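Here come two complexes built around chain A, the first alongside chain B, the second alongside chain C.
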Partner chain A sequence: MKNKLMHLSNETMNVGFVKKVEALSGTSVRRCFQCGKCSAGCPMTGFMEHPPNRVVRLLQLGQGARVLAGRSIWYCASCETCTTRCPNKVNLAAIMDALRKLSWDADGPSKESYVQLANRLFIENIRTYGRQYELRLGAAFNMKSGQFLKDLMLGPKLLSRGKMKLFHQKNKNLPEIEAIFNRIEEMRKKGEAL
Partner chain B sequence: MSRIGVFVCHCGENISRTVDVERVAKEAGEIPGVAYSCDYKYMCSDPGQNLLKKAVAEHNLDGALVAACSPRMHEKTFRKAASAAGLNPYLCEMGNIREHCSWVHEDREEATAKASDIVKFMVERVKKGKSLAPITVPVTKKALIIGGGIAGIQAALDIADAGHQVVMVEREPSIGGHMAQLSETFPTLDCSQCIMTPKMVDVANHPNITLYTYAEIEKVDGYIGNFQVTVRKKARSVDESKCTGCGVCMTKCPKKKIPNDFDQGHGMRTAIYVPFPQAVPNTPVIDRQNCTMFQSGKCGVCQKVCGPGAVDFEQQDTLTVESVGAIVVATGFKLYSIERKPEESAIQGYGEFGYGTIPDIIDGMTFERLASASGPTGGRILRPSDGKEPKQVVFIQCVGSRAREKGISYCSKVCCMYTAKHTMLYHHKVHDGQAYVFYMDARTPGKGYDEFWRRAVEEEEAVYIRGMVSRMYQRGDKIVVMGSDTLVGVQVEIEADLVVMATAVQAQDGADLLAQKLGISYDKYNFYSEAHAKLKPVECATAGIYLAGACQGPKDIPDTVSQASAAAAKVMTLFAKDQLERDPVVAKVNEKYCVGCLACKKVCPYGAVEEREIRDRQGNLVKVVANVNPGVCGGCGTCQATCPSKSVELDGYTDEQIMAMIESL
Partner chain C sequence: MTPGKKNLLTYSYYPGCSLHASGREYDISTQALFKALNLGLKEVPDWFCCGATPAHNVDELLSLSLCAKNLSLADQVEGDLAVACAACFSRLKTTQHHLKEDDTKRHQVETAIAGPASLGKPVKHILEILARDFGLARLEESVKKPLLGLKVAAYYGCLLTRPPEVPELDDCEDPSIMEDILRALGAEPVKWSHRMECCGANFTLSRPGVVLKLSNAILTSAQEAKADCIMVACPLCHGNLDIRQESINKYGTPEGSLMGNIFGSDYIPGSEDGARREMPIFYVTQLAALAMGVPTDKLGLESVIVDPRPLLYEKNLL
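Take a look at the complex of A and B:
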């Protein structure tokens, strides 16, 4: 997919998808003039098959599918260095957010990636316990991803230093947390949030 | 014994880096006849010039030698300083120890020795020098403008408004040039015709402007202030004084299917025609190659229908001689074509784009005509092959430009902007169409220019693809464009309905021949050369001739208009004087020895040598001798070298001086 010949026409350029990204992120992809400053400062560029500037370039050509097919958007650490340094006021971090949401909604090919799995379990924990329960997060991730022994030897160390607790610590205001989640879900339905 | 001052310059480090200037100055002081010598960091600066002035006064000098750069650079500067100090300026000479010595040598010892030698022989020349007085010549306060495009029009109007007479010569039947062909102009998108045609009318109506259209320069004689220009007015076959411009002849002409060059061959015209309805003058011309009357002698309809009887099949070319004081060259440009070029030509065509055989691959000017309200399609974007509205249009920049393999290495400067404009015009006219632009670099410096390009990308939805097109070919009724996007790193293929190429700007056809007539220099692309790239950008090296517009190099309209006004200002500066001072370095004939062989007359490139009869008091002819007109003499010295009896000498370069220089070494 990466180097495949690109046919450009009104049919092959998915302008609708780009418009969605622009609406969600509140930024224009056409604004980017491909200086590459985002990729130059991105700590994750080395892991991405499409560095940040190329993600925008593909959007400019209406090639959203090519972006979603790759894992670049999931490697993005949302550090916002790109947005902070962009000379042309392109909010690339917001574009990445929008792309992740659209990938999720569209059951993108990377939906079951480890990154997504970790994100989902992380949020589920918050919802259930009101705060993070690291032991459960680690265990659930290893079980669901099928890597049962991954980072197992880190467990005793983290436990002995108090970085990870054996039992979860309950939040006293669980109903309020639930209300926050409900509100966000409502907003997402209305399209007010990602 | 002469008292000469020698002034050695360091030129910052330019000279002192390789030449021991202090030693050169010291050694100069020991030459017999040298009364004073010194060295200084920048002799051309104010303190440096003061050094010279002070030395002339204090040491009572009767000659000065400045050992520094080329006389082309600063001879005037130092002669002015010498003159201010009370010395005859022609007794101040320059020894070139920079271009001729320090810049071309590396060995310090040898370079210093050479610099000393240069100083030594130049001192001899100063010793034998003579005081000279400048020659004055009258100035004819009338300007010739060659070319009636926006450059010529602007220069003509400026000079004419200043109260001077102007003669404008245009090759085509109408003035207006390329700007009259354009649809809209960047970066404001105002209509080209709306801003151009009033200026054309102004030229026609101006009391100080004499307009020759359908005319060419035949011959140029003379020199600054006093040119004699022969203009060939080509036979129009229509008497301009009788024609009222009613246009009946054109409606009745039976030949109606001749491709109109003004519409890049896409519109049709008659054999008797005006190139476009807003033409100035609005007088038709008969295209004799396509006219039935001229080809077979049968027709003459236009003559029959012409009320005022203006059509004249017998008309011949006429030659007119105009005396002018200054010439502005504004011959403009032509566009490169991708067609197959002769094998031996330095410039090649594009086989990979089909050598111009695919009808829907057009150039930028053709697109201008398609987009123009007065164009062959009435302003609708329709493709040439089948008249359909194209939905996918590919624009390609740098076709011919920046393509060494095709023979042109320069950037045509205007294409980035006009392509951005084209995408906008297309978007405004075809809302569901998509414009793609293949570009190598977007070069948009200029006020409001980059913003304009960004507007095309950000608001007018043009898809810019950074990369070149490798090949184009016809598939069905589409053109397959094979390119690449170097930003993504993939090959790109587009099936286009229409392809518009931004082809290179080239010098006008025959630009080299005109330059030879004018005696001005031009580069390998036939663009005219300015006297100095930075400080004399509108002057030619030939005095009295100025440049305006794209004949000097690719230029957009604002730059062209600026340069045209600048050229006009230069002409007005020249015309501000009644007399012109010329360098007195001219040839003089020693009539005593001249035998009147007139070999000098044959070789003189300026035509300055005349015959003169010498008679005794009774009026009997004693002998015929050569005589040099100092106003015309260019001071080249060819006559001096040719004269078998050694009786012609160039002031400032006499045999005596040259021999003394040689003997000093």
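Take a look at the complex of A and C:
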């Protein structure tokens, strides 16, 4: 998109998507006047094709699809520096959360799959074990991402120091956790929650 | 609690997943420190994962619900809720903050957990307990073995202070709570540039290259400031700076820095021969417990990757 003109019209702008982002994040993208402080302080801009201030600008112009197509949202570290420093109180970290949720629900048209895979496994772990089971997290990530040898040398080091447990911890609240997941799904089905 | 001996203050305790695994020395040293300071600490029974960053990244309602349920579990145990992990602390405080402000969200969360959200219990980070509840003056009085001559780079990371309205721990751009604690322990905090920068957090699983780059900058900055070691209060920061340090030192970052390309990847400006050296990473509770005279075998020093014992030996602290 770099040197291409952007034509704005009812057909190319998706305002409904922006409204959804605003509702989910509880913040308004229209407050942004493009000072760029968020991008100046962002530790991850080097990894993003759209730095944070441009993400907001694209949303102002109704170009949500362009944002979701890139990997910027998945390279946000949620460090909250942007939200902290914004002079107009645009909660950019919440906007990123909202964008990731919408991309996630649409089953991710994004290029970035590793971060999504890690998130999916992390949440699965909560549902299955209650607490994080790091050995499974690492092993499943390597298997599913095809990077079978990733950090393999760390395994024995962590195991021998007790930093990684062979077995998961038991938790009595597992049925309650499952119920929370189910109730949220139900609320979404009924349209009571976004 | 030993019968007949009353604790100064008692806390309920939410350790978080990391403290039972990759951050086990944080748990061990926290328990040892609280015992040494005569503070009670009782773990919340069957707490579960707060959801950390991955949950709120893709599903805020899930994240809020998991935290709200944990907060109501914490009500079973008496005392303010002590939290050691910066991420758990941030998530639990965020939940309290959001649900107090937003009735719609609170209603949704209450439906999800099928019960009232309990938001009254103060959630406190270990730093806050040491510096405010216990107090810096009392902390200084309790020191048995001052950490004289130890130059420490205090590393805050992201979630202890940001966003400003949530953690209420200290100033969001120029905090001093860690440095204050270090001074009370007799150590010397150094001035350095990267104490508030992100370490790469949970990219350690999905994109380790990100962690190598960001953590490299932090380690380099601490060495430039002539620090002997770094002090952290978050198991994820510790994991990135400690567990990933060997690969940073050996292989550098994926892209390499400009200076690195000119002077060789190990060049560190400000250090004597330009070489990178191993930088031990301590938890705040390890240093505090050491200063309180807790035996060194009860600090979990043997489970960290970058062995801190040579440094402590050199400074006559072991």
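Everything that follows uses one rule, which is that the second predicted complex is superposed on the first by the 177 of 194 C-alpha atoms of A that agree within 3 Å, B and C clash if a C-alpha of one lies under 4 Å from a C-alpha of the other, contacts with A are read in each partner's own complex, and residues count from 1 in each chain.
Convention: a contact is a pair of C-beta atoms (placed from the backbone, for glycine too) under 8 Å apart; a residue touches a chain by one contact, two chains touch by 3 or more.
Quick caveat, the model's predicted, so the values are computed rather than measured.
Enquirer: Fit or clash for chain B plus chain C once both are placed on chain A?
Expert: Taken together on chain A, chain C would fit alongside chain B, as the superposition shows.
Enquirer: What angle, rounded to a multiple of 10°, is defined by the Cα centres of chain B, chain A and chain C, with the middle one as vertex?
Expert: Result: 100 degrees at the vertex chain A.
Enquirer: Output check: A:5 vs chain B and chain C. Expected answer is one of first, second, both, neither. What do you get?
Expert: In the superposed model, A:5 contacts chain B only, not chain C.
Enquirer: For the overlaid complexes, name the partner, chain B or chain C, with more touching residues on chain A.
Expert: Chain A has more residues touched by C than by the other partner.
Enquirer: Touching A:64, do we find chain B (first), chain C (second), both, or neither?
Expert: Neither: A:64 stays clear of chain B and chain C.
Enquirer: Kindly classify A:51 by the partners it touches after superposition: chain B alone (first), chain C alone (second), both, or neither?
Expert: Neither partner.
Enquirer: Please give the least Cα distance, whole angstrom, that chain B and chain C reach in the superposed model.
Expert: 23
Enquirer: For chain A, which residues lie in the overlap of the chain B contacts and the chain C contacts?
Expert: No residue sits in both footprints.
Enquirer: For the complex, which residues does chain A have touching chain C?
Expert: Checking each residue of chain A against chain C gives 24, 26, 43-44, 46-47, 75, 77-81, 83-84, 91, 93, 96-98, 100-101, 104, 114-115, 117-119, 122-123, 125-126, 130-132, 134, 137-138, 141, 150-151, 154, 157-158, 161-165, 169, 171-173, 176-177, 179-181, 183-184, 187, 192-194.
Enquirer: Within their complex, state which residues of chain A touch chain B.
Expert: These residues of chain A touch chain B: 2-10, 13, 28, 30-31, 33-34, 53-54, 57-58, 60-61, 63.
Enquirer: Which residues of chain C touch chain A in the complex?
Expert: Residues 17-18, 20-24, 45-46, 48-49, 51-62, 65-66, 69, 73, 102, 108, 111-114, 158-159, 162-164, 172-173, 197-198, 200-203, 205-208, 210, 213-214, 243, 302-305.
Enquirer: What residues on chain B touch chain A, complex-wise?
Expert: These residues of chain B touch chain A: 391-392, 432, 434, 436, 454, 457-458, 461, 463, 465-466, 485, 487-495.
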